[in-house]
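In the two complexes below, subunit A is the common chain; its partner is subunit B in one and subunit C in the other.
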Partner chain A sequence: MTTYIIRRLLMVPVLLFGVTVLIFGMLQFLTPIQRSALYIRSEPKTDKAVEGVIRQYGLDKPLYVQYWNWLVGVVDNNGERKGGILFGDFGYSRVASQPVADLIRTRFPNTLDLTLWAVAPVILVGIWLGVQAAVHQNGIIDQAARVFSIVGTSFPTFVFGLLVLMIFYANLQWFPPGRLSDWANRVVLSDEFTRYTSLLTFDALLNGRFDIFLDALRHMFLPILTLSYINWATFLRVTRSSMLETLRMEYVTTARAKGLPERDVIFKHARPNAMIPVITLAGFQVVGLLGGVVITETVFTYPGIGQAAATAAAQLDVVTVLGFALFNGFILIVANLAVDVLYAFVDPRVRLS
Partner chain B sequence: MRKLFALLSLLVVASMVLAACGGGATTQAPAGPSEPAPGGEEPMMEYKSNDPTTYFRPTFGEPETLDPALDYETAGGEIVSNIYETLVWYNRQKADEFLPQLATDWTVSDDGTVYTFTIRQGVKFHEGGDLTPEDVAYTFQRGLLQGGYASPQWLLAEPFFGVGVDDISIVTAEEEIKRLSEIIAAGGELTEASLGMDAATFAAFQEALTAGEVDVTDLEAVAAVLPDVVSAPSDDREALSAFNADSLKASCEKVQSAIVADDAAGTVTMTLAQSWGPFLATIANNWGSIMDKEWVIENGGWDGSCDTWQNYYAMTSEENPFTPIANGTGPFKLDHWTRGQEIVLVRNDNYWRTEPAWEGGPSGPAALERVVIQKVDEFGTRFAMFQAGDADNLVVGSQADYAQVDPLVGEECLYNGETADFDCAPVGDGSGPIRVYKGYPQVLHTDVFLNFGITNNQYIGSGQLDGNGIPPDFFSDIHIRKAFNYCFDWDIYIQDVMVGEGVQTLTIPVAGMPGYDLNASHYSYDPAKCEEEFKLADVDKDGIPAGEDEDDVWNVGFRFAATYNQGNTARQSVAEILASNLGSVNEKFLVEVLGLPWPAFLQSQRDRSLPLFISGWLEDIHDPHNWYQPYIIGTYGRRQSLPADLTAQFQDLLNQGVSETDPAKRAEIYAQVNQLYYDYAPGILLATATGRRYEQRWVSGWYYNPIYSGMYYYAISKQ
Partner chain C sequence: MPDIILDVQGLETVFKTPEGLVHAVNGVSFELKEGETLGVVGESGCGKSVTMLSVLGLIPTPPGRIVAGKARFNGRDLLKMSGEEIRHVRGAQISMVFQDPMTSLNPVLTIGRQLQEPLMMHIGMTRKQAQERAAELLEMVGIPNAKDRLSDYPHQYSGGMRQRVMIAMALSCSPQILIADEPTTALDVTIQAQIVDLVKRLRDELGMAIIWITHDLGVVAGLAQRVIVMYGGYIIEEAAVGELYTDPQHPYTIGLLGSLPRVDERKQSKLYSIEGLPPVLYQKPQSCPFAPRCKWVMERCWNENPPLETISPDHRVACWVDTKTGRSRS
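Let's turn to the complex of A and B:
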């Protein structure tokens, strides 16, 4: 087990190197003016200024030198270090008018908050639905779940998002879009509210402001509902097929033959094994949520990382988009590591191999 | 596992239910009409917001900067105009009538070149500083010296420096030429040191002398070479800073001597290079906003010294310390700006105004306590917020959105051209919660621009007249340009794209100003004439009209891209109408409709690589010069590569027009410009839309002033 985890940990730097090389490769498709955003704020306007920037930041040097500069930054004429992803400097977002790292720092906690609250309904309910469909194969629950799954898969996110927005907000006025109501926002921005974690729901509880906690949840309800509905279909199908396959295994038949109650057969014997592909899927879904859900955040004006990335992409702010891509790459590697470790716990074959 | 799952599910569901129930009291909800009064009388309409102290406005777009000297777009302009104030301000809805604001009065010299403003006393900036004449003079000096072509300072540079001198860098180049001319005139050996030139410029100078075979003993001839080697370092701070220190200082001193404060007399005197008809209109808009000198210096701005101004030249919003902060004298203060999310203004309780600016206008602190401008890019979301009562005003995406909103309208206000105000009446039974303002003339229009000298082949296929592209000078043929004009169908555009809410644009300026002329010559859709003009063209320049030439455009055909900014469906339709009509005149005429992301579209316009592009202009000041100049000489003139001999014909007339103060005489001059524009057809003038605005019926006080960047919240109140 320990060897397995160490082996996986050793792979992390290799993967990180791969991700950085890939992103750096993509950066090479940009013009030097666009790449200058890695080091300076204002776009050079004249040919002479462009030449100056290229010279100063080595944008005309061999690729391995540029790659190194990109990793560790370049010291400018004033002795200040500019750039350097290893120091957390991903360049300057000319669309958001702030460093990309600051943009990630302010937006990511919102996305993380949403993810933490969305994980339970998105994944656990999806799995539950899949198990129920498999257990009641070809029954009414199964048929209903399959119809539900087809509709969920075929519904474009923005259509579903706008639909629930019209019903639950425009008509019923239950769940508004955005992050907070104006009154709550005023409190959060005031001195009386301490930002302990940057995660609004948790900070609200830590500040003893249950009203703000509820307000934040109200604003997250529709994004969570949308994410859940869109993702349930996938979980349902994967869990259902995996469960059906497992239920046909001989060891399950043996369990039944031993006279075990059906509930124990399903939940203690079949379900754990059926969860292996689902865990892989869950890992990817969590990464997807953490990377920002572009359409959902845009429709509900949720100030997460996806909305910021979408704005940057629409404005061709490629340095920002690649900054986000790099960040997502890191998350993906960490999440995959977590999934691999989880595998080892769930599937003894993994840790023993 | 099951227990954990059940517990988690329960927690989430319970939280959501609680959340749905809680907090409701804090949201706004539209209150419909009250119950009919006993006795069957008409129901009394009352619309009340749950939060009458705060105005909520979800919209798209976000300011680039809050520095009034640099901001040149409407999202920032709206914020600036509510926080900062100018010397004079518009008379309510009238964009060309001015009232005292931070100036209590002003005088103009007989020749129209010297303006003396008396500065209002007892006015305080939001951060506590007192308004002084020195603040006013410093503000204008700082703006002019900061200059840069991304800023609106060209609007102020021309009146102060002269027609065509639209940036301080040109003044510096002129000062440098003057300084060098004086050294040359004094005689002596011409060396790098004696001239005070940098090495590169001196080398260029020597090369020009050699190339021009100039006799170095002829001092006048030597000096005449200078304009070829000393050029204005437009937008290049480094190059500007490399100029001789004396020239730099002289430029700054020229600015300081043109704008002089007299703190004792409480006045500021501005001396123009020539009389300037629209001068008050120029300083009334946001770039004339007065800043607190001490506060600017404290926060890292220019220190007022002529030794340092070049360090702030052509400052960008990214490096500008006044991009995220603001300190004006206006009715609202900046509370916070969370980028990508919201800007919040709060009421200035110490606002100086005690008497209304116009009859019935507001005075004292604003009625609204807060203004929340939220960034909501998606129309569907904005519409949902509007329906839920969480938005006081609905910003539509395009005319296509009208159909969704109209069923909610309970009151319709139609623009009355005579009063420049609105006449309102109920719609249907009058119970709809929304009010719509309709039919007001807009001060922007979208047009088609044809490029006379395309700089690269990116959008013109093969780049040759071979049926698979066009040559770079394709549109320099007058018949081609006229043919394109005759091939555009205005009726379809106005009826189908603008849903009938627009009129054909006949002149470059908009209604209500000299130069606007309903009888001006204009083109109409005429496929026969379109074909005739194509046959008269001579794109291959062999002297044979295309109709009789196997190798010319009529028989060979063409292919190129007509471009617009991606997402702008109205502009896309313009390109499609044109492409379809051209294709029906001759199937070998292929126009590809291509949407470009905004930055790429703008960049390609600037580098003049677009053969045909659909773009627009929103006026900066309500004056015809602000229309003709960018269309023919400046912004679009440059982007269309209009040839110098053509622009020269216009420039003379435009100079006469802008210096003339009598509107009738100006109209006569501009009539000649209109005729020239028609004759040369450098573009296709499309149609000017009339505007619409949707707002909640609990809002009152809005009026339409075409020059405002957005809303002027001081006049707004809520029930």
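Let's turn to the complex of A and C:
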């Protein structure tokens, strides 16, 4: 187990190197002066200033020098370090007029908040229903789940999102879009509200403001519904087919031949084996959600990282987009690591080989 | 005269498939006496395994369904038992070992855990007692360092060792009947011999009756007292083991025996083979199911399916032809 995890951890620097080289490569499509956004705020206006910036930040130097500068930053005339992704400086978003890192810092917690609330129902309900559907194959639960999941997979997110927006916001006015009501926003921005985790729902609870917690959830309800439904469709299908396959395995017959009650056969013998592909999918889905769900966040004007990325892309703010891409790469690597560790917990063949 | 402990009468099992209803077992009747070893022989797809799985209620339903028959065990019909009742028979009084030890153990549970389950369930042992007993069982089937190997997972065992574990598990609750479904087919030859020897030894020690399913007549010769030959979901011949080998009656049995290599034959002769494959029966046949592959086939074979008839006290056969003379029987 320990060797296995160490081996996985040793892979992380290699992967990080790969991701950074890839993003750096894409940055080379920009002109040197566009790339100056990696180091300084405003674009130099005069030819002289342009030349000075290019020279100072080595934007005309060989690629390996530029790559190194990009990693660790460049010290300017005032002795201040500018740029340097290793120090968490991803450059400056000239469109949003703030450092890319700050943009991520304010937007990512919102996306994380949404992800956590969306993932829990997807995984719990998905596994439960998937197992039930497989155990009672062609039964009522199975048929219903299959219909829902086919509808879910074939529904484009924006259609489903607009539909629930029309029903629950426009017609019924139950669940508003956005992040918070104005009154709640005023409280959150005031001094008496401490941002412990940056995750609004958790902070609200930690501050003992149950009303704000409910308000935040109310605003998140429609995006959660949309994301849950769309992801749940795939999740359910994979769980179901994996469980069906496992139930046909000979060791399941062995378990029955031993005289175990059906409950034990399903939950102790079949389900753990069926979870192996499900973990992979869960990993992918969490990464997908954390990377920002552009369409869902845009439809519900939810201020997450996906919406910010979409805005940046629409305004050709390439440095910001690639900053997000880099951040997303980090998340992917961490999530893969988590999935690998989970594998080891579930499957002794992985753990012990 | 030992008592009959399992009495199967007229068992019929069908499977619903997209191509139609497949008649997998067609009126199979046999008896098993206490402490007896019964060999069940036939090619793959002859209904051997399905017969035994039906008896234990292990046929996946749907698509499978038992449409007729009785299986009396200790005076009660297994086929009429509720799921809960037959569950207490499985693994406790009748247990099963399967063909492929690579897939018949659960890969994510330890060997110890899998051995303990029936002990805790049927005998009511505590986890600790079960653990001690599991180690004894592993020792009984010849696994060295049994105590330490309880915490291993199946993939850390070789194929032969896994089959030993399966046997230990099957015998853990001292069953009256052990059904071994081609337990040596997936193993290489030297390991096969070891497993057969192990089962023989355990039979002598524990005295359980054995139903040994195989398509290897050689294995059965040294193990069984009585042999059933199955074809197309029918029993086509049944005899005491000596009689079957010296005086086979059914063309299919003759063919099976003829396809065995013999060490006492000097001449380099080509092994006999029965042309064709066993049928998949979408209808109950109105002819002998073996007729298309039979070299003795007569007019009558195409029109009537021969019933199983007693030709001597220890010998039953289902064939219209007297293979000695090539003429019609009777």
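Operating definition for what follows: the second predicted complex is superposed on the first by the 348 of 353 C-alpha atoms of A that agree within 3 Å, B and C clash if a C-alpha of one lies under 4 Å from a C-alpha of the other, contacts with A are read in each partner's own complex, and residues count from 1 in each chain.
To be clear about the criterion, a contact is a pair of C-beta atoms (placed from the backbone, for glycine too) under 8 Å apart; a residue touches a chain by one contact, two chains touch by 3 or more.
As the structure is a computational prediction, the values presented were derived from the model and not from experiment.
Asker: After the overlay on subunit A, what do you see for subunit B versus subunit C, clash or fit?
Answerer: fit
Asker: Please indicate which partner A:Pro32 is in contact with in the superposed arrangement: first for subunit B, second for subunit C, both, or neither.
Answerer: neither
Asker: Residues of subunit A touched by subunit B versus by subunit C: which partner has the larger set?
Answerer: Partner with more touched residues of subunit A: B.
Asker: Figure out whether A:Gly58 sits in contact with subunit B (first) or subunit C (second), or with both, or with neither.
Answerer: In the superposed model, A:Gly58 contacts neither subunit B nor subunit C.
Asker: Quick one: classify A:Asp211 as touching subunit B (first), subunit C (second), both or neither.
Answerer: In the superposition, A:Asp211 touches subunit B alone.
Asker: After lining up the shared chain so the two structures overlap, which partner does A:Val346 touch, if you call subunit B first and subunit C second: first, second, both or neither?
Answerer: Second partner only, subunit C.
Asker: Tell me the angle subtended at the Cα centre of subunit A by the Cα centres of subunit B and subunit C, rounded to the nearest 10 °.
Answerer: For this superposed arrangement the angle is about 150 degrees.
Asker: A:Pro261 contacts which: subunit B (first), subunit C (second), both, neither?
Answerer: second
Asker: Quick one: is A:Glu250 in contact with subunit B, with subunit C, with both, or with neither? Answer first, second, both or neither.
Answerer: After superposing on A, A:Glu250 lies in contact with subunit C but is clear of subunit B.
Asker: Quick check: superposed on A, how many Å separate the nearest Cα atoms of subunit B and subunit C?
Answerer: 17
Asker: So which bits of subunit A does subunit B touch that subunit C touches too?
Answerer: Looking at subunit A, the two contact sets are disjoint.
Asker: Quick check on the complex: what are the subunit A residues that touch subunit C?
Answerer: Residues of subunit A touching subunit C: 249-251, 253-262, 264, 268-269, 272-273, 346-349, 352-353.
Asker: Inside the complex, what are the residues of subunit B that reach subunit A?
Answerer: 2, 5, 8-9, 11-12, 15-16, 18-20, 22-24, 26-27, 29, 51, 54, 56, 58, 64, 234-236, 238-239, 314, 316-319, 323, 336, 339-342, 370, 372, 374-378, 380-381, 383-385, 387-390, 597-600
Asker: Report the residues of subunit A in contact with subunit B in the complex, numbered from low to high.
Answerer: Contacts found on subunit A: 41-43, 45-46, 48-49, 52, 92, 94, 96-98, 107, 117, 120-121, 124-125, 128, 162, 165-166, 169-171, 173-179, 181-185, 189, 211, 214-215, 217-218, 221, 267, 298-301, 303, 307-308, 311, 314-316.
Asker: Taking the complex as given, what residues does subunit C use to touch subunit A?
Answerer: Touching subunit A from subunit C are residues 53, 56, 58, 83, 87-92, 95-96, 98-100, 103-110, 117-118, 121-122, 153, 155-156, 166, 169.
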